[in-house]
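Each of the two complexes below includes chain A, the first together with chain B, the second together with chain C.
What follows is the complex of A and B.
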């Protein structure tokens, strides 16, 4: 039993004699976001302590037990399916703020991905910008230099109805992009990889998933814990304000229109403070002055200080009146749970305090010493002379864990879908090229700085200047001293997820895996950002559990570690849940970035091969989605075949045989061929008669299976066929000319100039951003 | 013809990074007595309507396209004909 000192603070709130109605009223009025079982647990705890809680204590509990902070709905399933996914080269997985993975020698990369969906729905610009800011701090707090920002966006396409009281789609989309652009560009970290998906189901509920990769030498890794029970705690960076109060509580429940809580949770982010903060932290860390470090994200000081002390086996004493404030008159609980941006909490040995203060002064970073680690397991907060909180850290972090029920069977009825042959196939092809999800994404990605810091080897686009095409996965070199680079691919096959969350997740994983291979890198680790609807809905929980199962299976098959992740639930408006969207980031490692491969055609007269097998079903394709037929039976992914591709592509990458590779994904074979051609304006003549017996629509637009298009160097065809005889390959045509020519069963189904096609492709997004 | 000025500002409590940085840097340059800096976005629109219609149209444009009520407030000023 706890025997904490009774606070002298006059703000005690009586709950020991409250009935259920009073408890729920209290939870609502104080914005705690706790439900009745949790409130009863709190009441019983304080009854056993023989005193009433203070306002600060209740607020701290509300925050610590929110879905966002304690993963109460998802933890049990995450443990079941994603634990024990470590490999010998994994340094830290799911332990600290970000995952750390070894590349070679003492060279490691640090990676993390998070969703910032709820803030971005309420204030798109600030929500997206602070998403970038938050993920940079996650990487920074491991002591690592951020080298690339990754963003995967799932946005409305303007075709659905935005419910009243929500921001219109155009405003939301353009402000989300502006937020990422402004923060990333101003802070000087390139925004290199990511994905974009438009669907009417994201109208009003956009998903903003932001990731970051950093580089570090093993000896410099800073842990997210105090190193001893005498460490001094320093809060550095931005000042603390009322902004962002109750951010996590609000992210852990339903979005409601005109939500008063949501208005307090809004911030714009300040990259201009962040940039010197990164410099100062890295300098202090490289000089060995930081004993432990944690960033202040969702949950604010409360989460950061609690976790930092608990992980280091100590308690803490914090003096809230020493925290630098943006505004007068903040209450102690507001200081404790504020989620103001740009702040870092550092544990520093007493003898280093002076040196580190000097560094912060040089860089102009506001900082203050706010407390210290102490022996024991209690967190005590003081404000002026009052003790305002005295709680056991074990209790604070012992949030409830729910085993939420889910449907065992798929409630959705699957049926075969038959799409009628279009009257005019060529017109249909043009429609596919200008489809929002198939077309060029330049209006958005060109707003981001890809090359700042000068380490971007493969950009998000490749080919002739101003006439580029998209690459499968951009490559960043890790540092100046080695030839190692990382290839990044992030995204989700939303159309497939809507049909079957298990197979859809395998599609998503396989797609990211293939993308990384296409750049010539070896898939190395996995990070997930899992976005789902309301977890109290059994159908949504089924999607979540099935999706986790698939991630676990895929990673075990390929011995890939899941090193970091994040879960975002309650993405719904009323009964409209978002499609299940597990965003998967796969990081590949390439030993020599000079040998990276890009997808643009390189050589006139070279031969085009189609690699890999498929049943050519249209289920899960963008084509059937755009025709309103999103059902069907999703084809399974042949993992064994994918594994053979991994070996072959990596083995023959440097054999001077492969000019370019591109993965067949959104838009199918047609879009993949055109994208390869758009980068160099080299045309092609392709005959698809013999790739399968299916209809021409399926041949052109199916996205199933593990398929690649490979451009093989002129004169090396025999070597290639010999080398790749273990997998299904078909010679389908040649690169050359200025036209895209596709022949099927002796009929020319398309013959158009590449430049005119490119124009249509480039303009696909014209009306959305 | 009616000319309307639309001034968009941040709500109290929303920290504008550009204004904050400007304020901070003015301090570095020695302008210590500046207590605060805030930035506004101003649109001037000319309408071929009467004042009432123009005002209501400007209001719709502001609320549905130009501002987010969660962070912004706005003022409509009729500049005359």
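What follows is the complex of A and C.
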């Protein structure tokens, strides 16, 4: 310490002579979450050091070696399938807290997505809110101004049974939405993109995946590491409390019923500290006062300080008694691993400490100097007069890596499925329109402020005020000085994933890719949030590995970088694992946001074309899922065809012949046509006789293939057909009137007023939120 | 920044979050905007006398865990109550949108007689946060906007709030506001008529979206003109019809007025 005397170790816990039973009891009693192999490794390490560990040291190891922090079950496969996916324009991928990607000149965007599933299952409001808070910090710690929040939610639909001891579905769903709303709206970053999927398999185990995009000039990028072995470490933002203790261990194990212990593991968010914190950090960063920065998320200070020093090639000395606390009497280890929200750890050069302190004072941000970087590789912690931890950073971060076994072959038997024709097709169509996954998502999305900051170009909705339709991928402009914007599409084709994790992942990727194209943007980078069940189950590991293989293949084919990601395992209740849910966010870049395209029909008399090939199978569709026949054989995705669409759509985007584009996905051709119509209340007459020689159910509701509907300007049909002759196109009808008319084999299968259909569609979700 | 342009203060405190679009709208309309933190007024580092326009943007000042705008209003009144009163009397535009409108109302500045707080903003009739594009018409008589914003045109404008339902102290106050032509904007439907939800997003009486105070240069609005100042912010229909965004007209009018002060 400062006076040069060797401090004494305090609070040793004997493990050197413990047998396996004692070690496991210790792991459990202290909430370390480590298994026997890991405990033995610890025992051997301290034996060789010739001393017993302290309480703080054991707790620090529990954090560092948790699944959440060291990816011990997934790392080997992530490396195998997703490494080397970089492009020349990738600035930082999978290195710091978020990915950084160059757009043009010195203009970059910063992006990251993460799951907050376990906290949202036990405390939906706080769990979802702090999910938003955490992802904002990831973007902020790169020095970037957040410009958009993205959230993809997978929720129960109220039809399954909630296992005893778990929260009621209606309660969970409304509180998750409220958490995102209250945090996002208060912090003033628009929530513009995302997805919603309802299924009984998510009853009790909701998935909350939150992403964020920020913008930055290359020179302002702040790295997640100290810049020298003499940087001063400042902890700024919220104070440290007992909330969020053992959050990472909790996220790295099975959810148990009445998980009371786990409530302590959920952090409390405070957007009203975050909002000025963002402004203060950005001001300090733009003035060059920050040498390195890391946000405090999972693992708290233990993880942030360790990684910040290690990445910068230094050791660290931290005085835990200098950390500002919310409550009295916290033990040193609690301070070290607390996951209290709204905190940032900054590395600052000594000469800048005074100036940066002044900025925090103006914004009223609590902060304290907690320690410094030092030469060497050791992290030393002091509490008052005691040395409470002295560990090598290399050992701390040498978490185990497991090659978890998985089934080589699909254990699930697929079989052909035959759906009976409904008695009354028109009634069936109405049921499809009001299906939770097909209907309008207004009751949820209108609660999120998606226009704050004034940069939203394509909103989550497009069309006439109060009568809008959903857009494929919202577009946000990047700054005041350029015409560039980003298009965002996030989601997962869960129904397809349940049938085949490999092809289902390709469906997921292709859909996000098509959505980005629909707004007129070029797919540019990929972020994944991988949600799976229990990794000790070989079937789940097979899903995980197959899904990664597909992400790798898709990205290599299209030369897309995977720039950030996260893995969430243990999403299961007993033997019930969630469906494999790799949530994919694709970021597209548009060179002139004024030329973005929206899916609402634009004018009477224009011509409707169906583009893309498909076998019109119902496998993987929401229709067969809702009829309880979800199996069958999933159609492959033709990547070569998708690549042709990419070239054509971008080439002819500004040719003034395409009025609107919409992707065919959930709900099939029928829902896609209606959605285009709902935005402008312009009707259509469409004949689907010749699109394929399959049954009408398949034509209407199949979600297979890469398909789009395009509205082509009246008089430009010939130009359009000439331009798009490289892909399969079929003229199917005309925009006009006030009714939706669909004809098949000379029979009118639907003829209804658009406004009355819209009303059904708009109210589909009324009873769930 | 051009120092010959009128200075406009964009007021900030913890939880103010519409400040960047407010700043941009003021700058685009030919004013010289500057961010001013409440802390800087409290510590007397900044004097509001140096400004010709004051804009209190929306957000969730101090979290709005109490009634919306209350804490900001009390702090602002304590720190700069008399300076702001002077600005009001000098005819300088004092503008509050969304949470800023709530702050002005809590300070009594939108009332018929300042000091008597006769307007409050209540939770929306739907009980929910409402983020949507609505339609409004200019329905006031105001020296800043007359002749600059057409009374016959229906304009699109975004709202995003949970507490935007105007409550008048009593019927007399309501009649005064209407009788004195202080109802700046009203929510209308596509035909221009006063309709219910969702055209009136919060249930305000007589579809009132914004009002002026005892002095007509005090302007309080629930919708966000600062978020609809460019064509890219219009709906696809309005863009095809080449409509002019209301925010552009609104801030131009304020700017022209401020130049003559």
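Rule of thumb we're sticking to: the second predicted complex is superposed on the first by the 758 of 769 C-alpha atoms of A that agree within 3 Å, B and C clash if a C-alpha of one lies under 4 Å from a C-alpha of the other, contacts with A are read in each partner's own complex, and residues count from 1 in each chain.
Definition applied: a residue touches a chain if its C-beta (ideal position, glycine included) is under 8 Å from a C-beta of that chain, and two chains touch if they have at least 3 such contacts.
Everything numeric in this text was worked out from a predicted model, so none of it was measured.
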| Where does A:272 make contact in the superposed view: on chain B (first), on chain C (second), on both, or on neither? | both
Under the stated touch criterion, which partner chain does A:241 make contact with: chain B (first), chain C (second), both, or neither?
first
Exercise for the section: May I ask you to decide whether A:168 touches chain B, chain C, both, or neither, giving the answer as first, second, both or neither? Expected result: first
Problem set entry | Which of chain B and chain C A:440 touches, first, second, both or neither | neither
Practice item. Using the superposition on chain A described above, determine whether A:326 touches chain B (first), chain C (second), both, or neither. Key: first
Going by the contact rule set out at the top, does A:600 touch chain B (first), chain C (second), both, or neither? second
Comparing chain B and chain C in the superposed model, the one touching more of chain A is C
(request) Quick one: classify A:123 as touching chain B (first), chain C (second), both or neither. (result) first
Check the residue A:181 against both partner chains and state whether it touches chain B (first), chain C (second), both, or neither.
second
Dual-contact residues of chain A (chain B, chain C) 271-273
Counting only contacts in the complex, chain A reaches chain C at residues 181, 185-188, 271-273, 275-276, 362-364, 445-457, 462-466, 468, 477, 480, 593-594, 598, 600, 602, 679-680
Per the touch rule above, chain C residues touching chain A in the complex are 14-18, 20-21, 24-25, 37, 39-40, 59-60, 62-64, 128-135, 156, 158, 160, 190, 198-199, 224, 226-227, 229, 231-233, 235-237, 240
The residues of chain A that touch chain B in their complex are 122-126, 167-168, 171, 175, 241-243, 262-264, 266-273, 326-327
Residue set of chain B touching chain A in the complex reads 13-17, 20-21, 64-65, 68, 70-71
